[in-house]
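First chain written, first letter: the chains are A, B and C, and each begins at residue 1.
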Amino acid sequence: MNQILEKTIFEYSRPGRVAAAQCPPAADAALVASAKATIPQALQRRDAPLLPQASELDVVRHFTRLSQLNFSIDTNFYPLGSCTMKYNPKACNQYAMLPEFLGRHPLAPASQGQGFLSCMYELQEMLKEVTGMKAVSLNPMAGAHGEFAGVAMIRAYHRSRGDLARNEIIVPEAAHGTNPATATMCGCIVKEIPVDAEGDVDLDALAKVLGPNTAGIMLTNPSTLGVFERKIEQVAKMVHEAGGLLYYDGANLNAILGKVRPGDMGFDVIHMNLHKTFSTPHGGGGPGAGAVGVSARLEPFLPVPVVSREGDHYRWLSEADRPLSIGRLSAFMGNAGVLLRAYVYMRMLGREGMSRVGEFATLNANYLLARLQAAGFDLAYPTRRASHEFIITLKRQAKELNVTAMDVAKRLLDYGFHAPTTYFPLLVPECLLIEPTETESKETLDAFVEAMVAILAEAETDAEKVKGAPYTMPVRRLDDVRAAKQLDLTWKPVDSAA
Amino acid sequence: MSQVPAELKYAKSHEWVRVLSDGRVEIGITDHAQSALGDLVFVDIPEVGRELAAGEACAVVESVKAASDVYTPIAGRVVESNAELATAPEQVNQDCYGSGWLLRLEPASADELAGLLSAEAYTELLAAQGN
Amino acid sequence: MPFIPHTDSDIESMLATIGATSVDALFDEIPQSLRVAGLEGIPLGLSEMEIGRLMSERARVDGRPLSFLGAGAYEHHIPSAVWAITTRGEYYSAYTPYQAEASQGTLQMIYEYQTMISSLTGMQVSNASLYDGGSAVAEAALMAVRAHRKSKSLRVIIPTTVNPNYRRVAESTAGNQGLRFETVPCERTAGVIDFAALQAFAGEDIAALVIQQPNFFGQLEDIDRLTDWAHEAGMLVIAVVNPTSLALLKPPGEWGERGVDICVGEGQPLGVPLSSGGPYFGFMTTRLEYVRSMPGRIVGRTVDLEGRTGYTLTLQAREQHIRRGKATSNICTNQGLLMTAATIYMSLLGPQGLAAVAETSLARTSELVSALSVLPGMRVAFEGPRFHEAVLVLDRPVAAVLTELERHGILGGVDLSVDYPELGQALLVCATETKTSADITRYASALGHALKAVRAA
């Protein structure tokens, strides 16, 4: 029995139905015909593409109904560790979508964009101040894209000094998967090192891999284990003495915003996830924005374009102004509209609001940690202070009750909470990485604890119930094996007849 | 408890090696490896004729939660790949020591076999790793 | 406190639960020497009313000139419903759909998107989008090298008729992995790939040929001949296309005898505002046989425990969060929200609507070229068929003429003299369905004045 919650848009389609208001006013028919006649038949399309033929109301209803099948920050608590799912203020969206901003062509001259460019320039300046870096480029379009820019700059820096052997990037084993993937994309060799029992970098292991081939190290601080890397100053000293550079993965910048600056910790290059720390929307998987910041010696290598101010005039610096730049990473100016949202957010928070972000993100995480610990959950790093996130491990429950972290995550959906991050970092077995963010209230956190306690009780009395979750979502657990083996990636017209 | 047939040789990276009657060798992944991966959805096997060095990544086994490289325990030239796995990767789960073999090699040297683990030694290795 | 809900009594009771004396005490693991003193460079916070006023003032400075700019970003009418739905919080503030059961809306939308974009490009499978058109070209080059079973070559041919910014992005992205890009010049009569120059590569080991259609100049390439030649030479073919044009033009899946191997492009024309260059989205489609070499997220349809249809991310073992250093790409973000807008845009327009947009744009550009090229000192650079852009050559400095046009509130086109000095004082112009005959007349009249002013100077 195949019950379908919302049929596909293609099944609304009826030949000849057109949302007529959306079509352009008819140009002169003779003009169209003569223009079309200039295109040889061999270059023309024969069959119409499979796009729906639906009314405007069909389309509006369909996509509104689909939206209602989603969890989102606007509807649910979303404690997804390492993703910083905080409230996205509506004002940021509204003021980035003013018609003049939306209508501005990327190749419009700077003289027709002084308003926009002044926002970008000030955003660069604010990001410099809050991170302690010397210069910023807003160009990369996501965190991983910023990582790519960062490692490419590290390579370009070494090359510019004739230091050609440096092609090894050191990555702690707890790092995001993007770190090693980025190093590979930059043509580097990845050297993974372990962390010690308390979650800090293992300095002996670090000393062993450092050498004349070391290009740099990529660190997240606080780390993906939800703790502050206490030996950061030693790590910086060791890496610098070996001739390497330090890369700061800004995924967890929210934890320390306004409290500590990566530049002051000794980092040479950083990326910031504006869609995390500066609250631009995640949009169901993007767009992000991964601005990069650098110390003085890396400034010439920043990706172009960068905004400069000359007197009262703002303009883009391009390849001609920055001959050593690692180049261009997007066809135009990166995710400009996302940058405008981050600008509005930063101006609304202001100087005093920046440090509140780090403070309340940390307060919420430590409160939730204390309550869950009291309720009988095991912490992965019980001796440590949580940063803005922390890890609980369900290894004991998995062994004793046969209920896994994934089961608990799925059951949380039934209680109306999005699941925390599961099975990351990979080195903690049966883990849930929980990040409440500063925008959630004490009542929400309390309700989450109650749900976790209720699920634990269910696991003890009726493990099968937890293992079968979720029950109240649009679908139950999906057959991932079938999805990967019998690939069904596009709708086919015969589907409707079947 | 995973199966470890006594007549095969093993590598620490969880591959098995069988010496065929014509001197060629057959390579696959162990019962422990297939069970740790879960249901396989795709197997990428090497092209016939490829020369492999010992320890070289030569195939990829992919489940919904992981994709792992398979390393050839010994050097040699690929003489046959198990083409049936393209449409039936589940054979690796169902019969990893039989129809789920991955590739056959013409070994570069017979000496390398001696360096591999016996069934007993591999069983000990699994036990030491907590399996 | 903006966006922070805590009352004083909340803070007090939370600290008591934690067993800490103050919020500051929670930072006790951070060395004191590293603490920030102040952030003097950041201005004090603004209320919503104040920031609203500030942003409106800045927007007003930028104004809304009449634009004939194209070159990879195109002004099209965006139906009101597109962004009204896209900015619903359920799409706008959701995360990547890793928890499939709580993300069926986004997942089904992506499945529908994959269907539409695959059909539009005539290919079998699509991913769930990449960053933008430029990065999609770079990813396609990397993918071609990876997917080519018979060649280990790291060389890719990318002719000068491909958008110069795409070529730059490909170089800065893929160059780090050792890819080498070979160029082929354009021939001067029709503004297309110089086929004789291309043939010089016959017999060499090269992974792929990139063909942009319509090309950067708006001219139409002889795609069948190029595709067949490249396949004959053992190369894969990467098509770079404008999605609007595909309502009229032959889809890459049908180019030549076998169709192309990878198709990419800039998705912005499908309902995404110009917005100074982003966020846009890049699309990528390919043959089924290459699906495991494709970067980015992919959604598949499957069933749940009770046999009900559902959607989930699939083939994830290619991706960085599982494969780490061996992933097909480091990409994890896609441009989900923009893809949402594009899916709604394509649904509203349908095949007839999209064809009407393409035909009207084609006609308007033809009208524009006729109106401008008759002015003294102006000529059309290339013969042959084109879509909604054209290159005009002036007998005086383009930059000065464009500056003069700006004074009339008109953005007259893109100055090609920097990227293509061999073309002389060349100007790339574009008219989409958003331009009326009156707009075109206004441009022609202003250009007449500008030409006089520049000559006089």
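Quick note on the criterion: contacts are C-beta pairs under 8 Å (C-beta built on N, C-alpha and C of every residue); 3 or more make two chains touch, one makes a residue touch a chain.
Bear in mind the structure is a predicted one, so any value in this text is a computation, not a measurement.
Undergrad: If we define chain centres by averaging CA atoms, which chain lands farthest from subunit C? Would you check?
TA: Of all chains, B has its centre farthest from that of subunit C.
Undergrad: Identify the chain whose mean C-alpha position lies nearest to the mean of all protein C-alpha atoms shown.
TA: Taking the mean of all protein C-alpha atoms as reference, the closest chain is A.
Undergrad: Quick one: report the Å distance separating subunit A from subunit B, using the average Cα coordinate of each chain.
TA: That pair's centroid distance is 38 Å.
Undergrad: Taking each chain's centre as its mean C-alpha position, how far apart are subunit B and subunit C in Å?
TA: 44
Undergrad: Compute the distance, rounded to whole Å, between the mean C-alpha positions of subunit A and subunit C.
TA: Taking the average C-alpha coordinate of subunit A and of subunit C, the gap between them is 20 Å.
Undergrad: In subunit C, what residues contact two or more other chains?
TA: 314, 322-323, 326
Undergrad: Pull out every residue in subunit B that's touching 2 or more other chains.
TA: Only 41-42, 62-64 qualify.
Undergrad: Pull out every residue in subunit A that's touching 2 or more other chains.
TA: 480, 483-484
Undergrad: Subunit B touches which residues of subunit C in the complex?
TA: It comes out as residues 149, 292, 314, 316-318, 322-323, 326.
Undergrad: What residues on subunit B touch subunit C, complex-wise?
TA: It is residues 41-42, 44, 47, 62-67, 69 of subunit B that touch subunit C.
Undergrad: For subunit A, which residues count as touching subunit B in their complex?
TA: Spelled out, the residues of subunit A in touch with subunit B are 480-481, 483-485.
Undergrad: In the complex formed with subunit A, which residues of subunit B make contact?
TA: By the definition above, subunit B touches subunit A via 39, 41-42, 62-64, 89.
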